[in-house]
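Same chain, two partners: chain A is paired with chain B first, then with chain C.
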Partner chain A sequence: MTWIGRLVAGVVLGVLGVAAVFPGLFTDLPATEPDLGSALLPPGSQHWFGTDELGRDVFSRVVHGARYSLLVGFGAVALSVAGATVVGLLAAFGGRPVDRAVVGTMDLLLALPGLLLALLVITVTGTGTASVLLAVAVSSLPGFVRLVRAQAMVVRRSEYVAAARCLGLPRWWIIWRHVVPNTLAPLVVVGTTGVGSAVVTGAGLSFLGLGPQAPTPEWGAMVSDGRHLLDQAWWVALFPGLAISVTVIAVTVCGRALERLSATRTS
Partner chain B sequence: MRWLAGRVLAAVAVLWGAATLTFLTLHLVPGDPATVLLGGAAATSSGLREQVIAEYGFDDPIPVQYLRYLGRLLVGDLGESYQQQLPVTTVIGEQLGPTLQLTATATVVALAVAVLTATATAGRRLPGLRGLTSGLELFALSLPAFWLGTVLLAVFSFRLGLFPVAGDVGPTSLVLPTLTLALPIAGILAQTMRDGMDAALQQPFAVTARARGLSDLAVRARHALRHAMLATITLSGWFVGHLIGGAVLVESVFARPGIGRVTLDAINGKDIPVVTGVVMLSALAFVVISGVSDVLYRIVDPRLRTD
Partner chain C sequence: MNPGENGSKPAGRARGGTLAPAPAPAAEPTVLLDVAGLDVRFGRGRRLVHAVRGISLQIRRGECVAIVGESGSGKSVTARTLVGLAGAGARVSAERLALAGTDLRSLSERRWRRIRGRRIGFVFQDALVSLDPLRTVGAEVAEPLRVHRLLPARRVPERVAELLAEVGIPDPARRARQYPHQLSGGLRQRALIASAVAADPELLVADEPTTALDVTVQAQILDLLQAMQRRGTALLLISHDLAVVARLADRVAVMKDGRIVESGPTADILAAPRHPFTRELIAAVPGRKPPPPRPAAVGPAIIEARGLHKRYPTPGGGEILAVRDVSLTLRAGETLAVVGESGSGKSTLGRLLLGLLTPDAGTVHLDGEAWSGVPERLRRPRRRHIGVIQQDPLSSFDPRLTVEQVVGEALRAIGVPAARRRDRVVELLEQVGLGAGVLRRSPARLSGGQRQRVAIARALATGPRVLVCDEPVSALDVSVQAQVLELLTRLRDELGLAMLFISHDLAVVRQIADRVLVMKDGRVVEAGPADEVFTQPSAAYTRELLAAIPRWETPDSRPVELSANEIGRSTSR
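For the complex of A and B:
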């Protein structure tokens, strides 16, 4: 990937971020109020991405939808990484039985398909954005726990931890001051790359009708709505799906750039 | 023999863990389990509620319930679907066919595409090839299955009228769902296989084979491919997960009957026994496939056959 690609990805991600917080900067048209008089208009100068069957502007809905996908993508990964840090450190420092239990549980969770795990969570919590966020976080937890545990094991054997122990510093202080920062740094990089798949999983759950309910302009749900209109209005399903792909590509490219940066820095 | 015993033990552990997980799910769902199992029906008839409590023994202590639950699973009794008033095994069994069909064809297509592209492109210095493959990989990663399926549907079914729009009506209705499920998987598999083959072609055995006068294609197909398969077999666990998860979405896009629809209906209706059944089934699929892949390892790689 050239630097131009990375720059474009960064700019796209920035624009998406702004759209998530201030959708009003990009469009004046309402995202949820129906306007039956202008239903199913094709893309044009008035409605860039056309309108859906309730006459709502698809462009406006796509802009307003950015916040749900970004929230689920970044939120789920953040939650997952936080949870994985606790569990992973517990495994690395809690003694052999705890480690065995954690590794066993994570192996089991890895045996189940991620989507199925997410569906199990939603069975318990019900539908909605928060549920989807939690479900995606849980489904990506086992992978992160493995990483934290492995990394913490490496840090634990490092000379600076040995030195700290020799100085008689308390265990919790060593973990907090030395192990956590050195474990989290590589994880943040991996996490960024994981945001892409979190966005896809989250949108998939919404597509299945398990995310935020109508009339929320969530991208996955919009593709699902537009699926029934494919024979007369392809634009309703096309643009939200495109938005998902663009977001995932932008996040992934940025994540890889970050990965590269940290790799050159440590070597 | 010890190897086999270890494998069986690990398989049992996974199934036991999955059973525990589903048991926890049932008891974590807000509200008491009897009401959850009955859904809306609980409010209308209190007699039914008592009946369910008695039948499932929800009055018993949790450990007793847990052991009884495991005992039932052990004899293959997954309970009864409260939406359909049928045994879960029947509900799932009836819908297993279309899903197996879809996942089987998708597996064949994904493997075929991956093997062909890897064999054709590994070790070659074609201009732009690296960029193209990493671009395609990114594309596969960023393309949600439900979205790819929708686009295929729009182009090939609605615009060109080549394939049926929805449902399960003969072999033609299987084409688009198969492609939707197979293409992203093929992208990742091809990448892995190609890397494996790149490495294999550098090995002394590849050079030796070529020195014996074998053609380039024969070296690739007979020697390097076998080597590249190893890395691919390692992915089998991921592969199964992707197939099952993908099938849920793909079946939803193409309105196909199958396990995906059963799962969704069960989740929306809080039909926990069916959800449990699907989870157990997929754990079983994982266990079986990882067993098969262990055997495959030994067939593909003679170095592992020593013990």
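For the complex of A and C:
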């Protein structure tokens, strides 16, 4: 039963990925051109998910919106992991003062709710997809830094690093060749699971109007646009909301599967 | 165990694997455990592992039967099957499997629970992982009493204290309130035994009960098991250590590849083994024939340590003096052994000499030049002179690298150009008895002995003059241990290496060392030529260590090791 779940999650993620790159494969209706003549049509054979206030096809907008959510989800995590690798290794190898400074800063950042941290970043950078990506990356940075630091310290104390030191290999070689790969391998798995929450945070920021601006078909923004139409046109907000949920679930299921896979491989 | 190898062979089922017929017929009332044609398989098809192949075994009340064998021989699977814990996916079949007339073959998990802990006690190898870290020792020991409702609840604490006292735990009332991590290894193992015998089982199954313990603690646990046997508990002992078996077991069964290849009274088997594997196993026991003393090395000192001290902070704000005022000299071509029990500071000493730790006081010189307290930048080019061999070869390799990359990296460290590395790696592998066939393998897919050979090849790659070996053979099976020791001795003699050999195993040390340093609580309590230390120990602690080594009488009825008149006797080496 569980393998069916994983298969479905993988297929869903694959379809979302294709939609993000080639939305034209799924729909030929425009995503941003208003067509006031067909405003707020309920779901039907013509418009599968109905139309919004401006007569735009909701299905087409959901399909075109996939790229923003996936970009923010995967992009922010990638950026965050990359940054965390540098900072975490610095903490693990830079000596006690550097370590204390890094740990202190990260503890401070962890004390702030992620969304608040993201809002702070957007206050500085302004709205837009890139800003949201950066904001989400910063908000998930402290957690990843802690992980990298802890893992790097484990690897640093490992017998194989001791063996490499005894061979007289230079420090940069040991870090590059042994510490970095063995630190990142488990992080990739944790990162994948983190993509789900990054998608949610990104959509949340867009919902607040801080993401890509109209008429960009971003899911969070679409939910926001549809929320005061709930009593007359529920479909405007429901389908982008469902898209967010499905994406997060698919990503999380795949991340868990990856986690199990790597656990069985190392044992 | 390689699944591919086992899948195709037919199982010798019909008569069971026992070569010597069991002395007592099954019907005899004193037979407590009666096993015939026991077969355990895991997996299917190409992944089939036939772990136990039709073995037969009988244990009478008050008797101790031992199963000996190497890792992968199926001895632990056999032990676990007897308590119904063969594991998920195991397929167990047997012609007979009965405990005092109760058929154990098709018991439900519920019925098993009434037998496990109540009628059959089980002692695992590693007490630290077998005891629940979140429960007190007392709660652990009380569990079988409560679960099987053997006593009214108010009388349980009293009985727990009694049990702990019986297994020789001092101050039982206080210890019962402590957690496993607050107890030493020996006390933990005793607590585990106390919980296994709490319900007064008829049979106690002990899987390598002393393997993780120091030799002096091992002696105490063996005494304890023997005392319980005298009181009438039957004992099934699983062990790889023939000396331990010799001490406890009335009868012994030798297992190999899931079969019992030989069985009979312990004295007979050890004195006159018939199966080649048993002979091999006995011959591989280290220290049986110590080599003749070699002339004392007179060359210049390669490593010279003076007055080394090393402290570690402890969580409570205190500190541990791991190494206190240790001095030593290691000359070219000689082997200096550092022996001691866990926590004696011998590994810390090794790390100080390797320059992985900085001493708090004292100095280390390498080739007459300062080695400790020198910036790593200056030390790095000289590191090629000291090779290191660690206890667990697998954890000493980066898990992502292949054998070729592991050894090649050492060549890179001394500047061998990439184009010439492959050939040199093959040469080194051949030198340690491996071939080019393992180049692309991951060390994780090699056997323990092959892994340690790869580690030795890596240590030799930089052309060292000293090898620092930290427990290099303790993780290996006894026959593999003998081969690796032989390899180390050969390389030492061929290459004129100096060797610092850190070990807790006195028998192994006896085999290889020219000089011995005995450590206790961070101090050197005795130092001298190996013969003297082994035959005329001056320190009380050394005598205690030597006395604690289990040993058995050889056919010519002399103790197997450490007897004075063995010196100078010709050896087969």
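The definition used in the following text is that the second predicted complex is superposed on the first by the 266 of 267 C-alpha atoms of A that agree within 3 Å, B and C clash if a C-alpha of one lies under 4 Å from a C-alpha of the other, contacts with A are read in each partner's own complex, and residues count from 1 in each chain.
Just so it is clear, a contact is a pair of C-beta atoms (placed from the backbone, for glycine too) under 8 Å apart; a residue touches a chain by one contact, two chains touch by 3 or more.
Computed from a prediction, not measured in an experiment: that's the story for all the values here.
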Partners on chain A (chain B, chain C) - clash or fit: fit
Superposed arrangement, angle subtended at the Cα centre of chain A by chain B and chain C, nearest 10 degrees: 90
First (chain B), second (chain C), both or neither touched by A:P170: second
Contacts of A:G204 with chain B and chain C, given as first, second, both or neither: first
Residue contacts with chain A in the superposition, chain B compared against chain C: B
Chain B versus chain C as contact partner of A:T123, first or second or both or neither: first
First (chain B), second (chain C), both or neither touched by A:V253: first
Partner chain in contact with A:S158 - chain B first, chain C second, else both or neither: second
Distance of closest approach, chain C and chain B, by C-alpha atoms in Å: 6
Touching residues (chain side chain A, partner chain B) in the complex: 1, 104-105, 107-108, 110-116, 119-120, 122-124, 196-197, 200, 203-204, 207-210, 220, 223-224, 226-227, 230-231, 234, 237-238, 241, 244-245, 248-249, 252-253
Residues of chain B defined as touching chain A within the complex: 13-14, 17-18, 21-22, 25, 28-30, 134, 138-139, 141-147, 150-151, 153-154, 157-158, 237, 240-242, 244-246, 248-249, 252-253, 263-264, 267-268, 270, 272, 275, 278-279, 282-283, 286-287
Chain A-touching residues of chain C, taken from the complex the two chains share: 354, 356, 376, 380-384, 386-388, 390, 392, 395-400, 409-410, 412-414, 455, 458, 461-462
Chain A - residues contacting chain C, complex: 158-160, 162-171, 177-178, 181-182, 185, 266
